[in-house]
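Quick heads-up: structures coming right below.
Across the two complexes that follow, subunit A remains constant while its partner is subunit B and subsequently subunit C.
Right after this comes the complex of A and B.
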């Protein structure tokens, strides 16, 4: 668990608001390279990082592991008097979590800001019941406008800083677990496999632009041209007030394997039996229409790529306090490693 | 003053749970030559002899407590239901980190994620009854090993510098006032002075009621954080006061019309010592001065405040220069005999 925690700590410390993933490459790429897992690494024009483990055989088929690198966030739309910024959301963010929240503003240098809240003396009765709009909120930078203009311009990305907080039962809170956590899980899984036994290549794509239309996944999968792919993302765990469809997905009860028209049923069933055979806990979820992940983008790349979607239950998605149970993360890493090992044996 | 401020901001002391802060303040003043006592409701009352006596009993007052959260129910699945201790806008709590006072257990104020909201719910902040605190427990039984009904939490300590000379932290309201008083107690005073570090201001100025009765002061100066509305989109005449424009003097708020005589003295002291000051330009809020004014046989009261944005949230923002101005102005004023 410590090895995984360390990777999570690293991966969540880099910026990477959707569309601005390349801002993280300078720190992210050297870190992933330092893990010595990959024979080749690279980045793409659409904000993805990828790494390939070669098995050494010519024209070997490839298994692709996908997680997404980008996170939800904001872009600056206006610089206002008094050092305030107006922003537009990048990805789905509930306005109710924003007032008094601390953000990083990734300008010429990274500065902190605080989402302003309306002073109580200016609030009218019943105002708390009304809808909020992010366009009406502002970020307080504490800097004079002139000084702010030197650091920030329209289009500068803004994101939640990640401060990890350990909770009971191996629960961990932090920001950008969607989907850096799953990147960490893949890296951890790859640390545990015996590379000398591989008879096919393994690629990891840390895709950009997921939150804003899956663009990194479709283009990077195109480039890598794998035979099969596993998409690893987060999914909603049950919480008080959750809609019925999420009520049976519980944090701490294992990886979530999704059945959907946007994933490959045969491959998915194979993964389920691998979980069964290895005693790895899992839960099933059904997405009859869209999975809201990279699965469809990867599945429809080139001539079609069979995809299995494995998800990690997460609470408070798209907030600065996403919560994961680390046992679920570890079990997901185990499941990925087991799938890789199984493929070795079956020469599938 | 600043060295005390950071230390005090990081201590957990929601209303009714001020013990840790009071212990720290006592440590910081006990070698100053003052005398002090703690009363039955937890207030810390300090007397420091000055070079001279004066006819009037003068009290400088700040409150120790901060806003927070109290557990009201533990759900079967280990989530904690809560209510606010003091006035917190429910729209500033969702997703925020908190810590329970005695156990040190960390939690998150949580509510449904955006994906779980129905189209009508989108953009809205749900009522408190639909929010909960998550500590990671999975059953009532397990949660009960760590916390119980009535336990109190505060926002997670997060003191940090921001922008140009600003401080961002929980509880600048009113740890800043405590820090100013402690610095004064540790300085040489012109006149004998009383100081009060009060409990339970955020839930109705209860501590001050007891102090007022006990001391029966003639003159009270309350040191506070007052809400600054100088944020984007708020017109000038509704700002109340502005961060960076100096110590705030209130003429009138919802509980007090301040002593004209003390206000004039304060303005002349500020002008004399070249201390930046501003009037609060809206009639809003209230503080312990209101209690002192009407307690026992009554007192003349004044409030000197630091303009503070986003009070009663995890991110109070105030300027170091303003806080220094309040410290200087209250010290300058306390050099008067008030005869």
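Right after this comes the complex of A and C.
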């Protein structure tokens, strides 16, 4: 678990607001290379990182593992008097979580800001019940406007802080587990496999632009041209008030395997039986329509790619305090490694 | 440039029916490019060879405009129409319209409709015929029309017309193709079809080209009066370098390079964050293995109305910035 934790700690320690992933490359690329897992690595114009493990056989088929690198965040739309910034959301963010939260502003240098919040003493009756719009909120930077203009411009990305908090019972809180956690899980799984036994290539794509339309996944999968793909993302774990569809998804009870028209049923069943045979805990969820993950984008790339979607249960998605249970992450890494170790993989 | 503008503004080119404008454009640039073709959807694709042919730049401006299609010819000779693209029904009603075959009509609203209730379900076209039989001799179900061409100069440096979205950017592209020095890369000037109905022309044309760098040319809403909240661009404020719209986050590499070129060449520029509305940019960004994509927008007032308004200084700023990128590249 420590090996996995170390990777998680590294991958969640820097920003990569959707569309601005290249900001993270100078830290991310050397780190992943230092793990010595891949024979080839690269980055793409759409903000993805990829690495390929070659099995050494000519024209070998490829299994693709996808997680996304980008996170939700904001871009600056206006610099206002008094050192306040107005922003537009990048990806889905609920405005009501924002007042009083701390953010990083990635200008010429990274500065801290706080979403301004009107104290209850100053609010008129009923004001706290009113609908909130992100365009009406402002971020306090504490700098005079003239100084602020030297650091920030319209279009500067803004993100949640990148700090992990350990909680009891192997729980972890942080801002970018969606979906950096799953990138860490894939890297951990690849550390545990026996590469000498491979008879197919394995590619890892850490996709950009997921939160804003799955663009990194579709373009990188196009470039890699795999035979099959596993998409690893987070899903909603049950919390009080959750909709029925998520009532039976529990943090700590294992990976969530999704049954959906956006995934391949035969491949998915195979993964389920591998989990069964290896005693790896899992949960099932059904998404009759959109999974809201890269699975659809990868599924429809080129001539079509069979996809399996494995998710990690997570609470408080798209907030600065997403909560996951490390046992779920560990079991997901085990499941991916078990799938890779099945030698029949390339024969069906 | 203004002559090209006037010529393009007067052409017929509703989404899906762009041939007339396409032919005018081909005639304008064919002698100044290395090759030119029209693809199956009707996109005009012109190539100008660059100094470095290992890289490709794609420039997209869309030829189509919003319009109306006849869906039923009523017994009283009135034509019931459906919208093609995002029509502002209130702004379009009680204007002259013209069909591709030259038939004139007026876009009217169902009798008794309150102003606030005007929407595209209430719109009819009156071509002056009293019976279905007479009307059918002039138009058929499936025929399309658009607000009649009208371009006027306002005081100072401003022009108003329908369909500056995105004809004005076809003008910029043509001006750039005619006036640029040898491009840095192999440069594809693409005049796309069907942008207003879902960027359908940009998708296959970008896949055919598979560019390394892409620039969409389009308009962006600029505020006029009332509440200017949530707009970041100003009419007359210069070429707008897009940061994002609802379909794309522009590649930071391209935003930075265009900013640099604007500064070096003394071109007035501003940044644009558009909260609603998409452009061809996203389709170019995701073609094949992906490209570095951005959009240069020209600030436009009263978008999707018959009186869209632009500033000539912005027009030249956009053209200069585009030409600077074509010639210098990254």
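One rule holds for everything that comes next: the second predicted complex is superposed on the first by the 338 of 348 C-alpha atoms of A that agree within 3 Å, B and C clash if a C-alpha of one lies under 4 Å from a C-alpha of the other, contacts with A are read in each partner's own complex, and residues count from 1 in each chain.
The definition used in the following text is that contacts are C-beta pairs under 8 Å (C-beta built on N, C-alpha and C of every residue); 3 or more make two chains touch, one makes a residue touch a chain.
The shown structure was predicted, so the numbers you read here are calculated from the model rather than taken from an experiment.
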Inset, instruction - Using the superposition on subunit A, decide if subunit B and subunit C clash or fit. - result: fit
Inset, instruction - Quick one: the Cα-centre angle at subunit A between subunit B and subunit C, nearest 10 degrees, please. - result: 100
Inset, instruction - For A:94, decide between first (touching subunit B), second (touching subunit C), both and neither. - result: first
Inset, instruction - Report for A:132: first if it touches subunit B alone, second if subunit C alone, otherwise both or neither. - result: first
Inset, instruction - Based on the superposed arrangement, let me know which partner A:154 touches: subunit B (first), subunit C (second), both, or neither? - result: second
Inset, instruction - Look at A:319 in the shared chain and tell me whether it touches subunit B only, subunit C only, both, or neither; answer first, second, both or neither. - result: first
Legend entry - Partner chain(s) touched by A:236 [first = subunit B, second = subunit C, both, neither]: first
Inset, instruction - Count the residues of subunit A touched by subunit B and by subunit C, then name the partner with the higher count. - result: B
Inset, instruction - Look at A:84 in the shared chain and tell me whether it touches subunit B only, subunit C only, both, or neither; answer first, second, both or neither. - result: first
Inset, instruction - Determine the nearest approach in Å between the Cα atoms of subunit B and those of subunit C after overlaying the two structures. - result: 12
Legend entry - subunit B and subunit C contact sites that coincide on subunit A, given as residue numbers: none
Legend entry - Residue numbers on subunit A that touch subunit B, as the complex places them: 80-84, 86, 92-97, 99-102, 111-114, 116-123, 128-133, 136, 138, 140-144, 147, 163, 165-171, 173, 236, 239-243, 246, 252, 292, 315-321, 323
Legend entry - Residue ranges of subunit A touching subunit C (in the complex, touch as defined): 18-20, 22-23, 44-46, 48, 75, 77-78, 88, 90, 135, 153-155, 209, 212-213, 215-216, 218-220, 222-223
Legend entry - Of all residues in subunit C, those that touch subunit A in their complex: 212, 229-230, 232, 243-244, 247-253, 255, 270-271, 273, 275, 282, 285-293
Inset, instruction - Provide the residue numbers of subunit B that touch subunit A in the complex, in ascending order. - result: 75, 77, 79, 87, 89-92, 94-97, 105-108, 110-117, 122-126, 130, 132, 134-138, 142, 146, 156, 158, 160, 162-164, 166, 168, 227-234, 238, 240, 282, 284-285, 309-310, 312-315, 317
